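Next, two complexes with chain A in common: one pairs it with chain B, the other with chain C.
Presenting the complex of A and B:
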């Protein structure tokens, strides 16, 4: 088939189209990276020459450093709590059949489907009313509400592969329900727990709308970027962006390394 | 055989509770509470304050329908609503149409190894700073930006790339395209190849196979890709702000401005709740779409 000229053309067209798509997706990231090392104040062509000035400048900007530190703290807090809650939610959904199960799962799965601007506004309105807004842990709490959806999904996928006989064998050997969870189910899910941890961290690190609303005076690095973008053009943004992109990409790649976010290859046909 | 002796008392007590019929209740309570306090309650409260009043810059409980009538009779809301609907419909169509050929190649024409690599490459942008990538597009498209500095160097006039429908759609596609491609790849991967081969063996052209076999059997995937793209574009704040300078405003911009630049919480809530009602309606309508001749589930 591939020898026919028409097929050959189709083959080439398909590859070129796919390449263009990836160029479209990669271009913005590469631009941030390349111009963070540009000597010019305003990114333009031709390049002004290699310089580390902006990369050095961001580490002496206390607003940026504080925001980065906040983000790291919030991302780690979110990752730990989301993974724990996500595991429990996935386990309950997998193990039990109960009334209101759809509602239970829906309540955890739905937050990412609500536009962040509305969710952020609603969270601020409610949490300030009950006197719990404008704190670092407020941002963590709200990020957890968002990220647990992804944690639950990743872990639930893995639980579906466990096979009911494994846990039952543990029970038959005298393990309690709790012991079976700790010694059999958790180890079985270890990879997906790690994936969930890194993905939740990436989601939190990247999130700016909710953090902007509920954070009060506490800025995360993404909120700092948003505030910088709303002001004058600032050549530091590229350097901050490079650091942030690097962190995000590493977190997502590690998360993917520990999970399959796609159907198993070769098994379908 | 039983290792009960070795188990500490506390864990045995917990174990007994877990084996009781109320197992799911105890295990599920913390996560349920968390989602109620930080997700459900805020949204319910949002609905509640659409009926409240602002008196001397303070939000006060009341039951007035004034906020609803004011927002719905204001021309700025009406214009933002139509603008937002229009731009998110355009994004939806563009995202699905542009995503399909790429998803087709990835799912059916690449080797399993390359397919996995392509999917991994698509997942990365979904979770890595959308905000920064929009800023990068600003650098590319602005009057002093990269495209224009090349263009004027080549002797052209400065092109007004930033600030129109084109730049807005570039921004929104940055957000929606990777997800649309992934959804369609997953849908296409679960189509049975024997079906496609059968159609080809019966003399169908490639085009006929796509139109009469492939597209109908991935209808749920198409609907999911479209609704996801619509949802993201409809609620997005970043692209309209940075790619068109909030002109014309969208509903998300209206929400943020109403909250940030004053104490008009009830009116902002009316806009937010209206957006949620509209999105819910669209999701319910999408579920009415028949799932096609071969009801295949895909994994997501």
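Presenting the complex of A and C:
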């Protein structure tokens, strides 16, 4: 029992970490949730009693509803396109060896490393010049640039487990290159494709800066929240926050559920 | 049956990766229905040869003809040369039946017929009722059977097997070996079997091909390769051979006299008589060596003296390793009761000999 104090310390540190996580992350979220059901106009203690008024109010505010609808549309569009692109990029990286491969992967992986404000500004400058700013699909395109990086990363991880034989076995058994991708590589990556879909949707749904820069008159829900905050303090914020939080948490949890790497239960195939 | 054209012809087949040659211009003809084993140490080009036949690699020289048709430019998926892979390469996201159906699905066979044929093959390999199992719910032997059924479901003329049994444990390997032999007999198609295990090749194959460094060293029936290896590499690779070196003293009436570190021996000379004075080697199979205890008075006639190093069981027979000064260790294979009757233990002095007709002179 030599390392008992060490493991005790590790245990304690873990607990402290969890505690801090809850204090600084979960508590503010919980507060938003709790006060979204508060009858009081201004969040204050004691609670003014349970009310659904603010939740009902957001569904009658057409600006909020439109923004939410935009966000959902953009999130779905982003999820589909960046998963498809991420798969193609990951497959190209897995299947082929070519000059500049590192650069290719690096370029796709880069956008999240660039500060969002710079990314947003650059995109606006570029897109307005080519006359392609201020549209819903503009926001989708920009979110795809951001989310594809994550999609590729998740799918690459799974493709790394496929080995070289599975696809060749498909060719050997009568599948053309294309059919082998559709009938073997895609099903093999199914879980990571689902994970990528939900993660990309979550990234898009939560993204504010780029959407604010390039969206023009089209507000996403996170842009709407900021615009609300810049006006008067509005208790609807808490209700919107609760909805957004719920959507994001669900998306991320689902994505998480499918990113779990497969336990090494003997042979994979 | 008359003369039939060979089914598979490899003609000066070559595969290089830049400077490195995996296969260096090999020629081989494989007949319809033949069970041929390609063997050799890892990196000898045997797997590459198989992959070339399957179209998974493009040759850099020479040609492959199947049924008289050059395979040049025919992609893998149009060849119908299914392969059983060393790691099986079963599709983990499909059921056992889904795996067996896969090649039929690629060929556009209707769903109903696919099911029937897949079920038929699952029954045939002894997996009745396992069709709905996921691959990871099957045992090693069951997976092996799925892989074989999947390869055979399209009723190909040729089945390629790349070390198919190497992932199985010894007990299962012997059973699957028997089943492969049975399938080959029943189907009458050509099996091309790549292995590094001599026992599998010798037990199953009509002919064996021994490869080394991208070239074919010898092609022949197992017993011929065993008794009359073409060169030292083959003799050594086959394993149960003793290599003895010496200088040629002279040759008369088809018998060469050699003198080497172990003494003077008479060896039947092969068709081309060896040049006097040249250094040569000859081979005596391990089961052709006589062994007696050194203190046995009748042992004096045996020319080689040595010390027992150790004993090893090989099924019903035993291998005795004997340290002989001036030569690599000798391997002697005898039945277990012969060995026990002699009371051999490590450290015992023994004498070894052989009848000169069992010595095989390697071509220089």
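Here is the rule we go by: the second predicted complex is superposed on the first by the 244 of 269 C-alpha atoms of A that agree within 3 Å, B and C clash if a C-alpha of one lies under 4 Å from a C-alpha of the other, contacts with A are read in each partner's own complex, and residues count from 1 in each chain.
Note that in this section a contact is a pair of C-beta atoms (placed from the backbone, for glycine too) under 8 Å apart; a residue touches a chain by one contact, two chains touch by 3 or more.
Note that the coordinates shown come from a computational prediction; the quantities given were computed from them, not determined experimentally.
In the overlay built on the shared chain, the residue A:155 is in contact with neither chain B nor chain C. Contact comparison for chain A: of chain B and chain C, B touches the greater number of residues.
When the shared chain is aligned, chain C comes close enough to touch A:184, but chain B does not.
Shared-chain residue A:174: touches chain B and chain C both. Comparing which residues of chain A touch chain B with which touch chain C, the overlap comprises 173-176, 179, 265-266, 268-269. Across the interface of their complex, chain B is touched by residues 10-11, 14-15, 17-18, 21-22, 24-25, 27-29, 31-32, 35, 42-45, 85-86, 88-89, 91-92, 95-96, 98, 104, 107-108, 110-111, 113-119, 121-127, 129, 141-142, 144-145, 148, 157, 173-179, 181, 199, 202-203, 206, 208-209, 213, 222, 225-226, 229, 237, 241, 244-245, 248-249, 251-253, 256, 261-263, 265-266, 268-269 of chain A. By the touch criterion given at the top, residues 163, 165-166, 168-176, 179-180, 183-184, 187-188, 190, 265-269 of chain A touch chain C in their complex. Listed in rising order, the residues of chain B touching chain A in the complex are 1-4, 7, 11-12, 14-16, 18-19, 23-25, 27-28, 30-32, 34-43, 45-46, 49, 98, 101-102, 104-106, 109, 112-113, 115-116, 118-125, 127-137, 139-140, 144-146, 149-150, 153, 173-174, 177-178, 181-182, 185-186, 189-190, 192-194, 206, 231, 234-237, 242, 252, 255-256, 259, 265, 268-269, 272, 275-276, 279, 298-299.
Taken in their complex, chain C has these residues touching chain A: 54-56, 75-78, 80-83, 85, 87-94, 102-103, 105-107, 135-136, 143, 150-151, 154.
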